[in-house]
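In the two assemblies presented below, chain A is common to both, partnered first by chain B and then by chain C.
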Partner chain A sequence: MLRKLTPYFFVAPLMIFIAVFTYVPILTSLNLSVRQWNFLTPDMPFVGLHNYEELFASAEFWNSLKVTVLFAVLSVPLRLGAALFIASRLIRETLSSRLLRGAFFLPSVTSTVSIAVVFSWVFATDYGMVNAILHLVGLGRPQWLQDPYLALWVLIIVNTWRQLGYDIVIYIAGLQAIPQELYDAAAVDGGQRFHVFRRVTLPLVMPTTYFLLIIAVIEAFQVFTIVNVMTRGGPAGATDMLVNLLYEIGFELFDIGRGSALAVILFVLLVGLALLKSRIIGSKVHYEA
Partner chain B sequence: MIRKLHSTIAASAFALFAAVGTAEAATTVKFWHTFSKTNGEALNKIIASFEAAHPDIHVEAEFVGNYNDLVAKLQAGIPARRTPDAVILEITRYGLFANNNVLTDLTPYFAADPLKDDLYDYAREIGVINGKNYVVPFNSSTPVLYVNKDIFARAGLSADTPLKTFDDVLKAAKTIQDKLGAEGISGIGAPGQFARWGLVMSNDSELIDPKTNKILLDKPNTIEAYQWMASLVSQHKVASPDGVTDEDKGNAMFMAGKVGIDMDSTGSYGGRKKALGDNLLVRPMPCNKVCSVPIGGAGIGIMASSPKEVQDAAYTFVSYAASPEANAAWFAATGYLPINKKSAALPVAVKALESQPGIDVAINSLPYAHGRARATFVTWMRTTEYKVWQSIALGQRKADEALKDFAEQTRKESQRTGN
Partner chain C sequence: MKPENPFVALLSLLVGLLFLSPVLYSIWMSFQTADDFYAGRVTFTLDNYERAIGQFNFARYLINSLIVSGLVTVLGITVATLAAFAFARFRFPGGDLMFGATVATLMIPSHISLIPNYLTLAKAGLLDTYAGLILPAISNGFACFFLRQYMRGIPKALDEAAYMDGATHLQVLWRIIVPLSRPAISSMALYIFIAEWNNYIWPLVAVGKQDLYTLQIGLARLYRINPGEGLIDWPLVMAASTITILPVLLGFLAVERHLVRGITMGAVK
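== the complex of A and B ==
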């Protein structure tokens, strides 16, 4: 009996941890999403799907969804493309490669708030470093954080810069796992550099790309700190992404019901996207050379 | 030798337990506030002098960010039962907590406190909702107009340049921009929310009627004031758009000597004086159609959830913070308005009035200073106003259209919250 129970004892701490910090909050959000509450009242009246109806009827929600999707569509390929390119250049175990890997990884372990504050000054219109340089060479002063299109690009650039190091490290591991004999065979066959990359490297690094794609899309849909510190969703909602809107509704407008409904929608959206990716791309991923 | 060692250990243990016993006997009041830098230092001095005078009370003060951050943290802390005992609450936003029975009704404390007769009428009034006292005033303010004297002089403007109407202010800002814009100096800072409220009032309007809670966001004079404010950024380009998307950035640039004129709370006087020294000139807010400024700042409320003995200790601190001694020190260090009639006569305040020119500008504007609405929906309105302002100032929406929509949304929110 005890022997049968032993494995359960071993997994129990983790199961309890996951239950308390993952499943309980999900179920609580689900419950709150059908109630009206502002944190202060003892009552939480049941309102059915009213919070969802309000969200679907609001322009802010659709704007937010559009901005988030745009952010993901633009930032994820940029992130992964840049990471794969840099990783392929830093794959050799030399001192300079190691130093550069460290340099690229540094932003991943730096406080996101600090990064956002520094970049909000770097991209300031009248007092920023970027515009000081552009002005010097006669290119004017773009309103980086005030122009609705540029503001989104600034967030993409800053987010890519922050996440790039992590992606590079994972890609280097993936590239190093590709057997050398495949490259040797390709060389014997007279394969050009680009063709070797397309026919050998890219397919064999696909499991890593697939993993990073899932992580990057989830992160793109959950991006918050950079948005909240740098633009607070502005100018006038141009960078108001889903989690920032969720924070605004829940913690600035104190509509916990509507905020929770948005959290549930985000959850469903991410699960749906993961399933879709597994259907479309998952079947094309090969884990053995 | 061993005996001596035992005696020493016993004595030390006794002293340690006695110290622990004393520490346990003191009542701890957890206090959340919004003051950092110059103002934070001044508050810490007040707390230190309070604790010296009341050794049985320990005030555990914590800076939790700006007024918005504090409201968000307090609201999230309530269901988690992780709230302080006393809390600074901005005067247009404590209605949310008072109306939901989160704050202690301080009327009985206040009625028995001689302090009530010492407070100015304007200060006493800001703590009252529906005839009950929920906060005791601490840091009261009005917006004022700050000028960088050095920038004015370099632009060929005298310290007496008229700044009474919107046209006067725009003219001065344009002069600065034309003459010094190439050096990276802006004519004026984009007005922050408190200044925007003041400029609407000086245009003979209001955002919300403080007596009836009627929403006046789409009143023609309100729209006109917003149009003028937005024109500083988008049309005349005398104000940097950086201050539109980040008010703190606008303030920082004034203090760095990069902006000629800036409108902000008198409570930032201390920090600005420290930054600009004798180059700081303080002038009253414009009186475009009328002279009228909003009263801002915050008071200290006590949480209804705290035990009675902690509430009593918290009130002792709250009352001390509004006393003549504490208030005079606070006024001299920060520039916030005196709230206690007796504080102006104290040496520290007299010295400040003599040695810090401009610190009295807000005091002189009190005859035309008015309290603002503090209904529950005001918190929502103030949060949403930032987006509306950005869209107008950055030229994405016309002021009349944006403000009419905003007024409608605010009316709906007002109905939803039952105000």
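== the complex of A and C ==
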């Protein structure tokens, strides 16, 4: 009898933690999203879909969704394009390409708050690195983080800088899996460099590209730290991405019902994307060499 | 490793330095006095570190971060290893379902649990405690999945020989599986530690007492005190930032290759 129970003892601690802090919270969020509550009142009346309606009727939700989608649409091609270009230059196993890979990867393990603080200085209007360089070559002094058009771009650049190394590592693995014979064949046929890239490399790393694309979109929908530290969603809501809005509604306005409704919406979006991702991994990421 | 063109090597070095220049410059800046930084003079001082550590409490934040990340790593790895062993070696009713539920956590965004976990810990009276920072971070579906895959590669004959000699399950796990899974366990430990060290949103909501700030919260607050009130003391902020980056940076440089390999395995397999 006891022997049959053995495996359950081994999995029990993990299962308890997963249940309490991951699965039950999904149900709790669903429940809270149809109630009105602000942490303080003793009861939380059922209000049906009121919180969702309120969100869908509010300009800030649509602004937030727009900003987040814009962030994703602008940053994904930047990330993937830069990463593929760099990766294709770093596939050889030389000392310098190893070191460069390390350099590009370093930000991925660095504290995001530190990165946000450092880049707040880089893009500071006065005494900032970028404006010092612009000044040197006789250009103006844009107020990067105070300008509604530029602030989102700054966040995109910072996010790209942080995530690029991961994309590069994955692309290198994808590129190295392309059989050398294909390149040899292309060379025999007298393929130009750009042609070989377009006809051989690009189609064969497509699965990797899809994988990274979805990861990048998922990440775009979860960006919070750089927003919270660098712009607080401002100026005038120009960088008020979805998780930042969730934080504001839940932990600054203490509107638990509306915050939970937003959390549920985000959850549905992200799980949908994640399912798409696992289908891609399941289908085929690698072309066997 | 192939020999290479010295010109290419030099160019690569420059590109790497340029890419990292914001962080490198921030470290350099942390050794300047504020006056000299603004005046564009070059000096060397440890004053910013003294102030960050003494006056602005960063010694305390550093200790908090070490305690929280350290405990999350130890507990997280223990819990993941135990479960991974069961998933790799036993077939039992509900096992596949539980393994599926573990892997599915990888898809679940953490924000859905932000408000509920806050309420759970508030009810348990654990907000503003180390336990409140640590408990929600312990379960790690990815680590469990990764370790289980690795353990399945260890020949079962080894376990069987040990069972013949009368070993218990725990002994087999501890004496055979764990030592043979060392590379996987250490790369997962590092992965958990780094992720927890850099965690921001949870400590932000779970902690209000300054004594319990982690480095991330301390740094964000230190930077946020300033804006709007004249010149920011950038060298001081950068000293705090360097304190925040350094431990993980050193750890990363020590084991870079393992970590990168682990990440690739997790993503493309």
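Convention: the second predicted complex is superposed on the first by the 246 of 289 C-alpha atoms of A that agree within 3 Å, B and C clash if a C-alpha of one lies under 4 Å from a C-alpha of the other, contacts with A are read in each partner's own complex, and residues count from 1 in each chain.
One rule holds for everything that comes next: a contact is a pair of C-beta atoms (placed from the backbone, for glycine too) under 8 Å apart; a residue touches a chain by one contact, two chains touch by 3 or more.
All figures in this text were calculated on a predicted structure; none of them were measured in a lab.
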Partner chain(s) touched by A:120 [first = chain B, second = chain C, both, neither]: both
Contacts of A:181 with chain B and chain C, given as first, second, both or neither: neither
Chain B versus chain C as contact partner of A:102, first or second or both or neither: second
Which of chain B and chain C A:148 touches, first, second, both or neither: first
Partner chain(s) touched by A:267 [first = chain B, second = chain C, both, neither]: second
Comparison of chain B and chain C by chain A residues contacted: C
Which of chain B and chain C A:235 touches, first, second, both or neither: first
Which superposed partner A:41 touches (first chain B, second chain C, both, neither): first
First, second, both or neither for A:278, with chain B first and chain C second: second
Which of chain B and chain C A:253 touches, first, second, both or neither: first
Intersection of the chain A residues that touch chain B with those that touch chain C: 120-121, 124, 126-127, 251
Chain A to chain C touching residues, read off their complex: 4, 6-8, 10-11, 13-15, 17-18, 20-26, 28-29, 32, 92-107, 109-122, 124, 126-127, 129, 161, 166, 169-170, 173-174, 208, 211, 218, 221-222, 224-225, 228-229, 243, 246-247, 250-251, 256, 259-260, 263-264, 266-267, 270-271, 274-275, 278, 285-286
Partner chain B, residues of chain A touching it in the complex: 38-41, 120-121, 124-128, 143, 145-146, 148, 231-237, 248, 251-254
Footprint of chain A on chain C - complex, ascending: 1-2, 4, 8-9, 12-13, 15-17, 19-23, 25-26, 29, 37-38, 78-80, 82-83, 85-87, 90, 92, 95, 98, 101-102, 105-120, 135-136, 138-139, 141, 144, 169, 194, 197-198, 200-201, 204-205, 215-216, 219-220, 223-224, 231-232, 234, 237-238, 241, 244-245, 248-249, 252-253, 256, 259-260, 263-264, 267-268
Chain B residues within the chain A interface of the complex: 68, 72, 75-76, 78-79, 96-97, 100, 102, 184, 186, 240-242, 244-246, 249, 253, 258, 379-380, 383-384, 386-387, 390-391, 394, 396-397
